[in-house]
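Right after this note come the structures.
Paired with chain B in one complex and with chain C in the other, chain A is shared by the two complexes that follow.
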Partner chain A sequence: MSQSQDLVLSIKGLTTNFYTYEGVVKALDGIELSLKRGDTMGVVGETGCGKSVTAKCVLRLIEPPGRIDGGQILFYDRDPKTGETQETDIVQLTPLEMLSIRGNRIAIVFQDPATYPNPVFRIGAQIAEVVTLHQDLGREALEVRIKELEESLKNSPSPEHQAKIREQIEHYVSMLENPPKPDRKYARKAAWAKAVDMLRLVRMPSPDQIANQYPHELSGGMRQRALIAMALACNPSILICDEATTALDVTVQAQVLNLLNILKKEIGASILIITHDLGVVAETCNSVTVMYAGTTVESAGTKQLFENPVHPYTIGLLTAIPKLHENKERLDQIPGTVPNLINPPTGCRFHPRCAFATDICVSDRPSLEEVLPGHYVACHHPQGNL
Partner chain B sequence: MSDSRVLLSIENLKKYFPLTGGVFRKVIGMVHAVDDVTLDIYRGETIGVVGESGCGKTTLGRTILRLLDATAGKITFMGRDITHVKGSDLRAIRREMQIVFQDPMASLDPRVTIKNSVGEPLLINGVARGPRMRAMVLDLLQKVGLTEDHLNRFPHEFSGGQRQRICIARTLALNPKFVVMDEPTSSTDVSVQAQTLNLMKDLQDEFGLTYMFISHNLSVVKHMSDRLAVMYLGKIVELTPEDIFRKPLHPYTFALVSAVPVPDPRFSGRAVILSGEVPSPINPPTGCRFHPRCIFAQEICSSEEPLLRDMGDGHLVACHFAGELDFGRSAQMEYARAAEAEAS
Partner chain C sequence: MKLRDFILRRVLLAIPVIFGVLTITWFLSYVVGDPLAMFITERTNPAAIPGIIQDHGFNEPLVIQYFLYLRTLLAGDWGVSYSTGGDLPVLTVIARKFPATIELAIVAMVFAVILGVPLGILSATRKDKPIDHFTRVFSLAGVSMPIFWFALLLKYVLFYQFSVWGLPYLPSGDRVDNELWKTVLHNGVGYDFTSSITGFVLVDSLLYGQPILFGDAVLHLIMPGFCLGYLTLAIITRMMRSSMLEVMKEDYITLARSKGLTERIVIYRHALRNALIPTVTVIGLAFGGLMSGAVLTETIFNWPGLGRWATQAILVSDMAAINGFVLLVAFIFVSANLIVDLTYGALDPRIRYG
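Up next, the complex of A and B:
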């Protein structure tokens, strides 16, 4: 397991089906994905390719009629205190065990900032909720209490009273080493302080004030930043951004992407960016996984993939986007549409739309193979410079 | 206004939406959605309109089509003032001007077959009915790449890209001269988007259409358009026949262009980050509306409103310092330069 040392997430042969009235939707069929510690990986693909389903599988958020039918999601969590790495297969966890991972060790930011924050709670309260749920705030609560006592010491009228407060402070300081379960009142205060800290971390102007506001009082970009703050509140190992900037305007998107780039260095979490926009990938990620119709088709470092795409689908995807500097009459298009996943094509799922398809593509499913160092492709007829 | 090349011209067009409040629904403010826009649209061209959400690009398109009534200003279509036409005159004009909306699922009736959806304009305008309508609808569907089998199906049986094609077929039913495309591809995927854009270009050549292409996606608009108008808070800040990314003269255009992520990792992290967000159009900033976010802003920008000035070759810019500012180079420009160097 020398390879797993620097991995934080490794998805092997993940298969997820949705059992609907019309038939079994084979949403994921043997997904392979590995995320290195400290890396930012982009997962790209079109609607229905399974990128969001993959994210939901990692958090075990798949609900009936969906079911994870096979494969492994190995999560290598490193204990922040001891530095020990522990391997967990997320697929095998019970829902109760999952609670301690979801939102704590693995966090997610969803696409639509208008619908995800709860409209009836203040921003600060929603971030504080995550903190109280997942963190033992014993120490922080004591610190808040000591701080309050020190405040009152300054305003104290009589020497006897002061002596009493000093005694209390000493008592609490002695408990700092081995904090007991926190008092509800002080835990809430500590969580709120942490929420304000998180808002400051995501570069929110006047975080104290924002924490007291309701989601509708914030603009889209600020709401998205608040959601990022919420996701980062427990120092997760993995942050998943599921189309986190899709609903934002370009100038605001640039702000959020810039923030992610800065935070990446500060928090040391590995980030999984799910998007359909190759520009966003190029801007933020250092490795990319391309998905098509529930399968992984190509995976490589960002530079490598953009310079030398190997899978015909990746090539098609890269040439189909209009570029600002080109004066093309027509765009190169990929013929046909994304297949229906109830009856996916046999063999390689891309073969009906592929210009290079031969008989073997119809009959045999290509496996993900390393064609160049660190560059994995699932194709019988890889293109590009090999 | 006797220029025969002009198909549609708008002068000082304004569209304000009243904001009501209080017990008696009193008007307490105005949303300045479109504020004093002047624009000529030539026959056979595609004019692109870009801007962030809330800049008034959709309202502009709808006001031109008389789907919304203008607050002030004048719309001239084919030499005729259509700002206040009503009744059957308006209906006659609507035959010439059509719109394709963003969400094709929402603009098709889920309980009506494709044949009847596409044929409805023919029926309403008394162009054709019965077997003749069917033949015409089939002809239209074939033009957008659908077949006879699709005639009697319902919208839910189609993919997003196909639905958008159906909507396009329906707009073309009455042989219009002018079509507003309101974010036609923002709900479709990249590969399908390429197909739709190619189809639109083909149809434009075939039917001699004039397009107004509205989108927030700069690359798509640039690909489709001959001329490009950049809107900010209800105003056109720059109108250019040239490559907007090559020679942006307005600081907002430059920031907008540079914020578009470049699909090449070599040029990452070079976006110009604009601070803040688009201000509310209820109380737009005084003077130049961009001045609170502009890094080049001077005193004059907050007091005096810049007018659109011609900087040569029909390149219009509304900025006090147009042509005097040095923006540096954006990632987009570097990317283009590198791509050109590679090509040669």
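Up next, the complex of A and C:
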């Protein structure tokens, strides 16, 4: 794929294996994925095709027995102040360097809002935690301090006292330009205020109250919003939604998707939506990457992909969606099942289930080629209108 | 408000429990057991026996005896312990001996908690590494070794063998080295727990302003304290390890990691508090257990506490003492349970009282 585009994330040949007792599970085998700045990309595929593993690799959250064995995850982070772009290969970072990216420059929202928030901490504290961790709250802490002084000015009894407070305020205002390291008390207050702001940003009713509540006191949709607020708290470049709406009921799901659409414009993050729901993709994404058994099979603009799917697997996926105006006895399905990744099929991993497979599909692995402008496919026998 | 109601309700609910305990012990000691055994020996004049029966009210019907017992108990009279020198009231004996037992139990608990919790965490976070194997063997030994055997083993090595080898050794028993106390305090008595200030040697030695005596008290506490606490220590370690392993698999740990927190904070802030919840149950119940465990430890280390007193009372059928001891242990168990339940609420906001 060309380098000239303004990319924010580029995954090249990513290979991840899990070393289990039964054998080596080749979970990812040469994943290719490019996310443009400001884009929303959907990553789709069946259960077990490696979507979530890809997401975890981007954050380097793969735990033993899993291991990233090859490839690059290039992250082009743009400094919001200088506008300079810096290229980092996430695979090469040390665990310590990774800590400053995780939750800060790249954030993730997980699937199940019931189990992901820590049950023993208040929502506000959990958001404030990530704020204090990654942000230098010097200025915000000063602002909190000034605000408090202004409050006390109103209730001040004597003119001398008032003059004293005014002096203090001026002192702190002069420091605003070049804020020192905040002291803990005010940093905590500033972080909490930021947490409340984030809850307001995700359209939470009465954010002040919610911040003081525990996860079990909120509904699933609200918890998911709180998790989104947590992920967005540090203005990340990339937001990964790993099946973020799967566990929600349909109406709440629509609200959350709608929220993501609005937020994308407000915060300017690029979003990677991992899902098996093509409806979610159609609603929110402008490009799609289709994965199959640990490989990338097709990647294109959403409209392009839905109108003109090229890879037989994508075609199968799209025809498997039941349509309202058709009257069918039996729903379409792709024959066979997802292969065992300990012994994956040779050549194209889809060949045992593919109607167009020939000898070359069994022996050679197809590479990802651009068949139409911006439309990439890894197939020896691409279908559709080319 | 709610919390107060909860405590009140729990205290009221404790009444039937305590009542049940004292009824059963009364029945076992005065009806099934022979309350006369304490007063009649082979040298008692047979002609005096009816008088003895009369004196202690054993000629009354059992129901009357039971209600009389309840009445005196409610009036604050727990009877007289005839097996103690000077025929002291049970409550006085308890007041004198309780500090020794509590002091020992607290030291045991301190050993168990400050070693058990970190060992459990270490073992879980370094699963299948050498430290984990060591911890597992260490805690398995703790739950498997009988306390009396372990106590003798400790004494054999730390007291006898160390003194044979000429190493600094630990005292083999007693709360204090009384000769030392006599010399330091110049009172000719040494440590007299019937007239001491608090009854806790550690506190008293400091109140006397004598660091040497404090050191002596500490030395005397190490062996019996560890011995009594080892079982609890082992249970806490195993509990902490398994619940920590469980918690580390939870989704909120993945979330904490995805925030960019260091592994240290993930473990000590996010995992520990969740993992402590089951451990607290064990700690609370163990504290009650330490009271009964103290019976063996106190006997072996010649510790003048309640456990030894109760053992002696059982041997000579001193019914009032037995009943008093069991009642006290019941009180301790009930309060420990209440404290555990209150701690849950502090640890886990999902728990509400009502």
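Everything below uses one rule, namely that the second predicted complex is superposed on the first by the 381 of 386 C-alpha atoms of A that agree within 3 Å, B and C clash if a C-alpha of one lies under 4 Å from a C-alpha of the other, contacts with A are read in each partner's own complex, and residues count from 1 in each chain.
Just so we're on the same page, a residue touches a chain if its C-beta (ideal position, glycine included) is under 8 Å from a C-beta of that chain, and two chains touch if they have at least 3 such contacts.
Bear in mind the structure is a predicted one, so any value in this text is a computation, not a measurement.
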When chain B and chain C are modelled together on chain A, clash or fit: fit
Partner chain in contact with A:276 - chain B first, chain C second, else both or neither: first
Which of chain B and chain C A:296 touches, first, second, both or neither: neither
Partner chain in contact with A:107 - chain B first, chain C second, else both or neither: second
Superposition-derived angle with apex at the Cα centre of chain A and sides reaching chain B and chain C, degrees in steps of 10: 80
Chain B versus chain C as contact partner of A:134, first or second or both or neither: second
Chain B versus chain C as contact partner of A:116, first or second or both or neither: second
Touching partner for A:284 - first (chain B), second (chain C), both, neither: first
Chain B versus chain C as contact partner of A:314, first or second or both or neither: neither
Touched partner set for A:61, first chain B, second chain C, both or neither: second
Touched partner set for A:10, first chain B, second chain C, both or neither: neither
Dominant contact partner of chain A by residue count, chain C or chain B: B
Smallest separation of CA atoms, chain C relative to chain B, angstrom: 6
Where chain A meets both chain C and chain B, residue numbers: none
Of all residues in chain C, those that touch chain A in their complex: 250-252, 254-262, 270, 273-274, 347-350
Of all residues in chain A, those that touch chain C in their complex: 59, 61, 98-104, 107-108, 110, 112, 115-122, 129-130, 133-134, 214, 216, 227, 230
Complex interface listing, chain A residues touching chain B: 46-47, 219-222, 249-255, 257-258, 261, 276-285, 302-303, 306, 316-318, 320-335, 337-338
In the complex, chain B residues that touch chain A: 52-53, 159-162, 189-195, 197-198, 201, 216, 218-220, 222-223, 243-246, 255-269, 271-274, 277-278, 332, 335-336, 339-340
